[in-house]
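What follows is chain A paired twice: with chain B in the first complex and chain C in the second.
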Partner chain A sequence: MDLILFYLRKLFTILKNEVLVLPSRVVVVLFFLLLLLLPVFTKDPYLLRIFTLTSIFAILAASWDLLSGFTGQMNFGHALFFGVGAYGAALLNKHVGIPPWGTVPLGALAAVVSGLIIGIPCLRLRGTYLALTTLAFPIILMGVVFAFPGLTGGELGISGIARLAGSRVIDYYIAVVVMLGLCTIMWKITDSNTGIIFHAIREDELAVKAAGINTTRYKLLAFSLSGFFAGISGGLYAHFMRIAGPSTLEVSMSFQVVIWAIFGGIVTIYGPVGAVFILFPLLEFLRFWQEFRMLMFSVVVLLILLYMPDGLFRWLRDKVEKECPRCKIRNVAMRHTCRVCTAPLD
Partner chain B sequence: MNLVLNIIISGLISGSVFALLAIGFSLIFGVARIVNIAHTAFYMVAAYCIYIVTHQMGFHPIWAMIAAIVLVTLLGIICYKIFINPIREHEGAVLIATIALAMAFQEIMALIFTGTYLSVPSLVKGYFLILGVKVFYQQLLTFLVAMLIMAVLWVLLTKTKLGLAIRSTAQDREVANLMGINESQVAMMTMGASVGLAALTGAVVVPLTILEPHMWMHPLIMMMAVVVLGGLGSLKGSFLGAYILGFAEALVVFLAPMGAFLKGSVALSIMILVLLIRPEGLFGVSFEEER
Partner chain C sequence: MIQSFLEIKELTKNFGGLRAVNHVNFSMERDQILGLIGPNGAGKTTLLRLITGILKPDSGSVRFMGKEIIGRKTWDIVNMGIACTFQNMRPFRRLPIIANVMVSCLCPRAMKRGEWVKRLEAKAMDALEFAGISDMAREDASTLSQGDLKRLEVARAIATEPELLLLDEPFGGLSPAETDLMAKSISRLHKGGRFGRLHSEGPAMIIVEHKLQWLMKIADRIIVLNFGNIIADGTPDEIIKNPYVIEAYLGQGGN
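Up next is the complex of A and B:
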């Protein structure tokens, strides 16, 4: 009993001293709670469907950020991982008969392998060369998919694969919990030693090499990690939509991921996730304007970029919080002195 | 024999188109470090422009071509001024701004013309026979115009002051600025030239293709492959790379089973194979690492 009380008190203290002092942290906690409690308020299958898909794409956008934002390996072919995950899961389910809880991780492993395969030629390239080369891989795979319609279903894709779970609500919870879990893991990775090395590679690869770190290995690690997370989202997507089609490999899919991530702000993980949660439902709710939907979408992206080129969430965060010049700890913008070292904030 | 000739003609045409597109793309990349995804979208807009002027206004195709090139170049400069110039410092933002621009153009065209397939009359009608293979005059014209434009561009870049300014800005922006070159003006002019090239490509190639709002996707991918294959910022490389990929595409389409599906894949695989051996492309100079 005492122990429970102790932990409760500790939780309360953390909540009071670490979470409630910063608006961004409060928002993150509210976001978690809201997502987990959404089915309590509404059972509308359409709404749940939108948010399930949003969660799946949030994993994808965050995994792009892990590779391209943190490690700086501009990947324009992120649809490759998504497509390999989706097709892998679908093929395993259809032809081998493995249930979804097995096919999704196996599909993700297939995506890791594809990440390693494309990582090897891409390691020697950087910047724009890398971006333009990676763009090619999903298109190559798409050609292969069309060339073997017997196995892959050609343009129609593989349909009739098992459902993720019995009902909409369970589907929703699987997608949301996996998304929250994986995004937390990704955020932790970027916060760890490995993440710092990733960040350093992005800033100055030569200096990292000079520090005696095998950058090749870390870049491959970034490719395979990102491939794994993107593959999981692909597998979930295939099982949720119950179809794995060539649309998962399209160029527009790769572009979409890049738009989400940069719109929310790269090198943050939370940015891309938040961006998907704004842009994807926005696109769905603009449905009544069918013809103008994509146009509105691109105009919104263009306008937001003009005013906040660093991404929406970075901009918002800089508006409500500022960094202490002395101890580099973030404070609410309303404060005049730092909450830790009491240095005056300007 | 027929087959060989068909392959050669088709390879030369698509090679010239890719070369024109790729040169425009690598010009603006070299000078301003802008990866302009919307490059082929301008090509699409030019094609639609011609459709409007010839079909709906009933002018001669020549006027349509001129109008398309002028209007699209203006459009390109305006888009650059409004959307790209203010955020040029942020590479990622520029990238998705151009993607969003391309998507916006696609949607606007889809709104005006709906997704239907349209075609445009050719500038010169008729054809002649070489060894029993039909060669349309329009195809010949496309090829000749492409050659002419490349020659003009070469003279512009190597013999004039503007060309010197463009090349020196591409080499080192800061030093060019110190030498009294108005860097932002050069960037704007290059953007104009680059979009103008895209428009011109659209103008000469439109009678040979089908107009639809998604027509910018395939050329975009091939153009990027050409640019990477030839080496970013190298005109010679773009030129050669374009013909390599153009012929590769033609060979696959005419020889391989299911060729139409695989044409993109094969061309892109060639690009990746070359990159495995020469990471900076065929004629690329590996840029000094920009820190």
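Up next is the complex of A and C:
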């Protein structure tokens, strides 16, 4: 009993001293709570389905940010990881009979291998050249898929694979919990020593080499980590939709990820996640407009990129918070002195 | 045979038709500060880049503590104990200054030697303190002035705890007062010892520099390059009197 009280008090202290002092942290906590409690308020299958898919794509967008935003390895073929994850999970489920909790991680491992396979030849490439080369890989894999219709189902894809779980609500919870967990892990990675090296590789690779760091190893690590997370999202998608088709490898899928990430703000992890939670439901709810749907979508994206080039969430964050000029700790924009070092703000 | 600390034999590098480094031979000892001078385009920076493995030579060999280092990767060479700075500074502009140095602290060599330092940040801070820019540790590197970027380069290089330090124009862009300060720090570093949590082996140094006035003060030995050839090698006093050097570099009447 005392122990429980102790931890409760500790939790309360953290909440008071770390979370409630910054609006961005409050928003993150509210976002976690809202997502976890959504099925309590509504059991509408359409809504739950949209948010399950949104969560799955949020993992994908965040994993792109880890590779291309943080490490600076512009990947325009992120659908490859997603597709390998989806096909891997589907094949293992259909032909070997492994249940979803086994196929999703195994599919993700297949995506890691594919990440290494494309990572090794791409190591020498940079910027636009890397982007164009990576763009080709999902298209190549799509050719392979069409070449073996007996195994992969060709254009129809692999259908009739096992469901993620019994009901929509449990599906929803699996997707949301996995998404929240993986995004926290990704954010932790970018916050660690490895994250510093990723940042540095983006800024100047030669200088990182001259600091005695094996950049090849870290770039491959970025490729495989990103591939792993994207592969999990692909596996979840396949089991949720109960089909793994060539649409998971399409070029439009790759670009969708890039649009999400840039819309929310790259080099943040939370930016791409938030962007998916705005753009994906928006596209769904605009369905009643039929032809105008994509037009509206493009207008929204264009306006955001025009006026907030650092991404929507960076912009919002800079509006409500400012950095202390002395100790670089973030404060609420309303304050006049820093909450830690009491230096005057602005 | 007694092996030299650093031994360069017949090192040659061509850029297309231009021979930047032409059959260069020299060796240096563990306790030396070697000044490398010469007119612009004499191949000084190229020579440093060949030693650090950023450029690959066309022929020749470089032996560091008895081991051949030509053909090794740059990070491998850094982990053997050779650190370098860049002439045109290459900071990670969008990272805080302290993170710039932490990258160097994260290299296997520094990690292995500093096991007793649990906090990388503290060690990085000591390197910054040595270079004299610790008060700006949390600023982004893009806010630094030219002179401070030079100091950041030095801090990053010494954070790998090298045995041989290659400094490419450490005084470039510094005011006379700053140059004085930097020259003092360099001789202090050369003496070795501890700077907070940072351990200095008292590295040997090769310094490429145009400000001869200061270089002459700290260097034990000067090598003069011209068109990729060594035209003189000796103590600072000998170099100043050498007629070839005066003609090729210092101009009529000397500096």
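Note that the second predicted complex is superposed on the first by the 346 of 346 C-alpha atoms of A that agree within 3 Å, B and C clash if a C-alpha of one lies under 4 Å from a C-alpha of the other, contacts with A are read in each partner's own complex, and residues count from 1 in each chain.
Following the convention adopted for this analysis, a residue touches a chain if its C-beta (ideal position, glycine included) is under 8 Å from a C-beta of that chain, and two chains touch if they have at least 3 such contacts.
These numbers were taken from a predicted model, which means no experiment stands behind them.
**Student:** Touch check for A:328: first (chain B), second (chain C), both, or neither?
**Tutor:** Only chain C; A:328 stays clear of chain B.
**Student:** Is A:165 touching anything from chain B or chain C once the two structures are fitted on A? First, second, both or neither.
**Tutor:** Neither partner.
**Student:** Comparing chain C with chain B, which touches more residues belonging to chain A?
**Tutor:** Answer, by number of touched residues of chain A: B.
**Student:** Contacts for A:196 in the overlay, against chain B (first) and chain C (second): which applies, first, second, both or neither?
**Tutor:** It touches chain C, and chain B stays clear.
**Student:** After superposition on the shared chain, which partner residues are touched by A:213: those of chain B (first), chain C (second), both, or neither?
**Tutor:** A:213: touches chain C, not chain B.
**Student:** Answer with first, second, both or neither: which of chain B and chain C does A:204 touch in the superposed model?
**Tutor:** Both: A:204 reaches chain B and chain C.
**Student:** One more residue to check, A:178. First (chain B), second (chain C), both or neither?
**Tutor:** Touch status of A:178: no partner.
**Student:** Counting only touches as set out at the top, which of chain B and chain C does A:255 meet: first, second, both, neither?
**Tutor:** first
**Student:** So which positions on chain A get touched by both chain B and chain C?
**Tutor:** 204, 206
**Student:** Please give the residue numbers of chain B that touch chain A in the complex, ascending.
**Tutor:** 29, 35, 37, 83, 86-87, 89-90, 92-93, 95-97, 99-101, 103-104, 106-108, 110-111, 217, 220-221, 224-225, 227-228, 232, 258, 261-266, 268-269, 271-272, 275-276, 279-281, 289, 291
**Student:** Of all residues in chain A, which touch chain C in the complex?
**Tutor:** Listed in rising order, the residues of chain A that touch chain C are 193, 196-197, 199-200, 203-204, 206-215, 327-328.
**Student:** Taking the touch rule as given, give the residues of chain C at its contact with chain A in the complex, in rising order.
**Tutor:** 52, 54, 73-75, 78-79, 83-84, 86, 90-96, 99-100, 102-104, 106-110, 120, 138-139, 156, 159-160
**Student:** For chain A, which residues are in contact with chain B within the complex?
**Tutor:** 121, 124-125, 128-129, 131-133, 135-137, 139-144, 146-147, 204, 206, 251, 255, 258-259, 262-263, 266, 291-292, 294-295, 297-299, 301-302, 305-306, 309-310
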